[in-house]
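The structures considered in this document are given below.
Each of the next two complexes has subunit A plus one other chain: subunit B in the first, subunit C in the second.
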Partner chain A sequence: MGALSWAALSLPAKPPGLAKASLDRLGESGVAHPVTAVLLNYRGYDTLLEVGVLLLALAGAWSLGRGEQPAENPQSRPLLLSLLRVLLPMLLLAAGHLLWIGAFAPGGAFQGGALLGGALVLLILGGLARRALKRERCLRAGLALGVLVFAGIAAVTMALTGGLLQYPPGAGGALILVIETAAMVSIGLALGLLYLGGQPPEGARRSLLATPPDHA
Partner chain B sequence: MPDADYRLYLMASAAIFTIGFYSMLTQAHLLRRIMAFNVMGCGVFLLFITLAARAPGPVPDPVPHAMVLTGIVVSVCATGLALALAGRVQTVTGKTELEPGEDAGGRSGAAHHGSSA
Partner chain C sequence: MIWRSFDWFLLLAIVGLGWRSLNDRDLFRAVIQFIAFGLLAAVAWVRLRAPDVALAEAAVGSGLTGALLLSALARMRRREQQAVPPRTEASE
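After this line comes the complex of A and B, so read on.
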C-alpha cells in the first residue's frame, strides 16, 4: 500500500489533461456535455467495444447453461406487485429522461440502461417476465440492436468521412441520440438478463421446437 | 480544493485497492473474491476521478470520467459473468471455493456435467 500511495502521490500535480482540448471542440461534437462527447464522439470506439463486451459477458453466461428464475407465484407477494405498479413506469420514464438529458447534463445510455436493467430484474423477481423470457429470438434481437446500430453507423460514417466514428459535420447530435437509444435498450436487456446467471429457462414445448442454441 | 485534499483521495484510492488486493489473495470463497475484485476496481475509479478533478481547467477533465464510466460497465459485465461461473462451480462441484489440487476435481466435474447433459 505504501508503494501504491507513493506512486499515486508522485503523479504530476498539474497534469496538462485533455479538458481544454475536449472543451474547445465541444461545439463540433453535436452534444453539450463533455463526458457524453468523449464517450460517443471523441472516443466512440471505446463505447462501441464496451457494448460488445457487455454482449460477450452475456454470451459467456448463457453458454454455462440455463439460469433459474424465482418459481414463486407472484400473487403471493402483493406488496412487491403494488410496488412494481408504481415503480416500473417511473423507472421507464427516468431511463428516457436520462437518455435525453445525456446530451447536455450527466446522463446517457449507460445510466438509462442501468435503470432499464433494474426494471427488468424487478419484473423477473415479481415473476412477471416469464412469458417475455421465453421469446428468446426477440431477446437476442434486442441484445444485438445496440452493437448493430452502433457498428452500422460507424460503417456508414466511415464511408462518408473516412474516419472511424467521425461524424459528418452537423449530424453528430442526431447520430449520437440514435446510437444511445439503441445502446440503452441493449444495455438494459443485457444487465437484466445477466441477473438470471444463464440462458432464460425454457418451456418444455418450446425446447422441442427450438433450433439448437448458437453461441457463436 | 487544496492540494492536501487531493493527497487524501489519492492515498484513499491506494488503500481501497490494497484492501481489495489483500482479500483477493487471502479469501477462498468465490463470492468474497468477486467482491474483492470489485473493491479493487473502486480504488482505481477513485484514483481516476481524483486525477480528473485535479486537472487544471474550469471543469474536471471529462476523459477520465468517460473512462471510469466505461470501466464501471466493464466491471459490472465481468462481475455478472464471474457470478454465473461461480454459480456453475457450485452446481457442478457443490463447493463455493476452488480446490488447490484442481485436476481431479475438474475432471470429475466435467464428467458429471457430461452425464447430466
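After this line comes the complex of A and C, so read on.
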C-alpha cells in the first residue's frame, strides 16, 4: 500500500506519453479514432492475444463439463418474451452500429461483442436458444472465427510487409473492419456461452429420450 | 463546483460499494453491489474522458459479469439445496 502510494505520488506531473506520436500517424492507420488505431493497428497483436484469451476462458469453462439450461419458468415467460421482442433487434442494431462507428468514435469489436453476448444470454434465458445450442459444430466455428481471421490476416500481412500485423499502406481500414467483424462474432458468442457455465447441454438425440421435446 | 462534488461522490461511492461488495455476508447483495460498482466505474471512466473504456466497463464489467455471477450464485444455491437437506436431517 505504501509503495503504491509512493509510486502514485512520484509520477511525473506531465507524463511524456505516446498520445502525440499516435495522433501524428493517425492518417496512415486506416481509422480516424485514436483508440481503435492503437488497438487494431499500432498494437494489433495485443488485441489478437486478447481474443485468444477469451477463447481460452471459454475452453476452460467447457472443460468443467456440460452446462445447464436455466429452468423453464412459464410464469416469467410472456414478460421475458415480449421484452425480448423489443430488445433483441435493438441490441443487434446497436452492436452493428458500435462496430461500424469504432472507426471514428468510441466503439468497436469488444463493445459490440459484449452487446451480442448480452443478447445471447437473453435468448438463453428465454429458452429460445435451445436449438442453436445443440449445433455445437457451428458454435465452435463461430468461436474460432475471430482468432482464425485475425491470425490469418496477421500471417498474410507478415508475408507481404515483413511485420506482424503491419498492414500494407491504404489497406488498413478495410482489414481492420474485417478483423473487427469476425472478432465481434466470436467475442459475442464466447461471452454469451460463458453464461451456460460449461459446454452446451447434450444434443437432441439423447435428450429426446429424457425430456419431452420443446416447441420453442 | 457541481462537477467537483459529483466526482467526490463518485469516488466515495465506488470505494464504498467495492468495500461493501467484498465484505457482505449475503452473496446476492454482494453481487448487486458489484454490478452497481461497475456502473459507477463506467461513469467514472466517462468523467476521465475515456468513453471507450466506459462502454466496455458498462457492458462487460457490469452487465455480463453481473449475469455470470448471478448464474453462478443460482447454480451454487441449487447444489447446496441438493446437498444440504440429508445432512440437516441427520444432524437434527
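Here are some notes:
Just so it is clear, the second predicted complex is superposed on the first by the 196 of 216 C-alpha atoms of A that agree within 3 Å, B and C clash if a C-alpha of one lies under 4 Å from a C-alpha of the other, contacts with A are read in each partner's own complex, and residues count from 1 in each chain.
The criterion applied here is as follows: a contact is a pair of C-beta atoms (placed from the backbone, for glycine too) under 8 Å apart; a residue touches a chain by one contact, two chains touch by 3 or more.
Please read these numbers as outputs of a predicted model, since none were measured by experiment.
In the superposed pair of complexes, A:118 makes contact with subunit C only, with no contact to subunit B.
By the touch criterion defined above, A:172 reaches neither subunit B nor subunit C. By the touch criterion defined above, A:197 lies against subunit B and subunit C together after alignment on the C-alpha atoms of chain A.
Once the two complexes are laid over each other on the shared chain, residue contacts for A:110 go to subunit B and to subunit C alike.
Looking at the shared chain after the overlay, A:64 reaches subunit B, while subunit C stays out of its contact range. When the two complexes are overlaid on their common chain A, residue A:35 makes contact with subunit B and with subunit C alike. Of the two partner chains placed around the shared chain by superposition, subunit B is the only one that A:54 touches, whereas subunit C remains out of contact. When the two complexes are overlaid, the chain among subunit B and subunit C that reaches more residues of subunit A is B.
Contact with neither subunit B nor subunit C is seen for A:126 once the two complexes are overlaid on the shared chain. Looking at the shared chain after the overlay, A:146 reaches neither subunit B nor subunit C. Counting contacts by the rule stated earlier, residues 35, 110, 191, 194-195, 197 of subunit A appear in both its interface with subunit B and its interface with subunit C. Touching subunit B in their complex are the following residues of subunit A: 1, 4-5, 7-9, 11, 13-20, 22-23, 34-35, 37-39, 42-43, 46-47, 50, 53-54, 56-58, 60-61, 64-65, 67, 110, 187, 190-191, 194-195, 197-198.
Of all the residues in subunit C, the ones that touch subunit A in their complex are 51-52, 54-56, 59-60, 63-64, 67-68, 71-72, 75.
Across the complex, subunit C is touched by residues 35, 68, 70, 98, 106-108, 110-111, 114-115, 117-118, 121, 191, 194-195, 197 of subunit A. Every residue of subunit B that touches subunit A in the complex is listed here, in rising order: 3, 7, 10-11, 13-15, 17-18, 47, 51-52, 54-63, 65-67, 69-70, 72-74, 76-78, 80-81, 83-85, 87-88.
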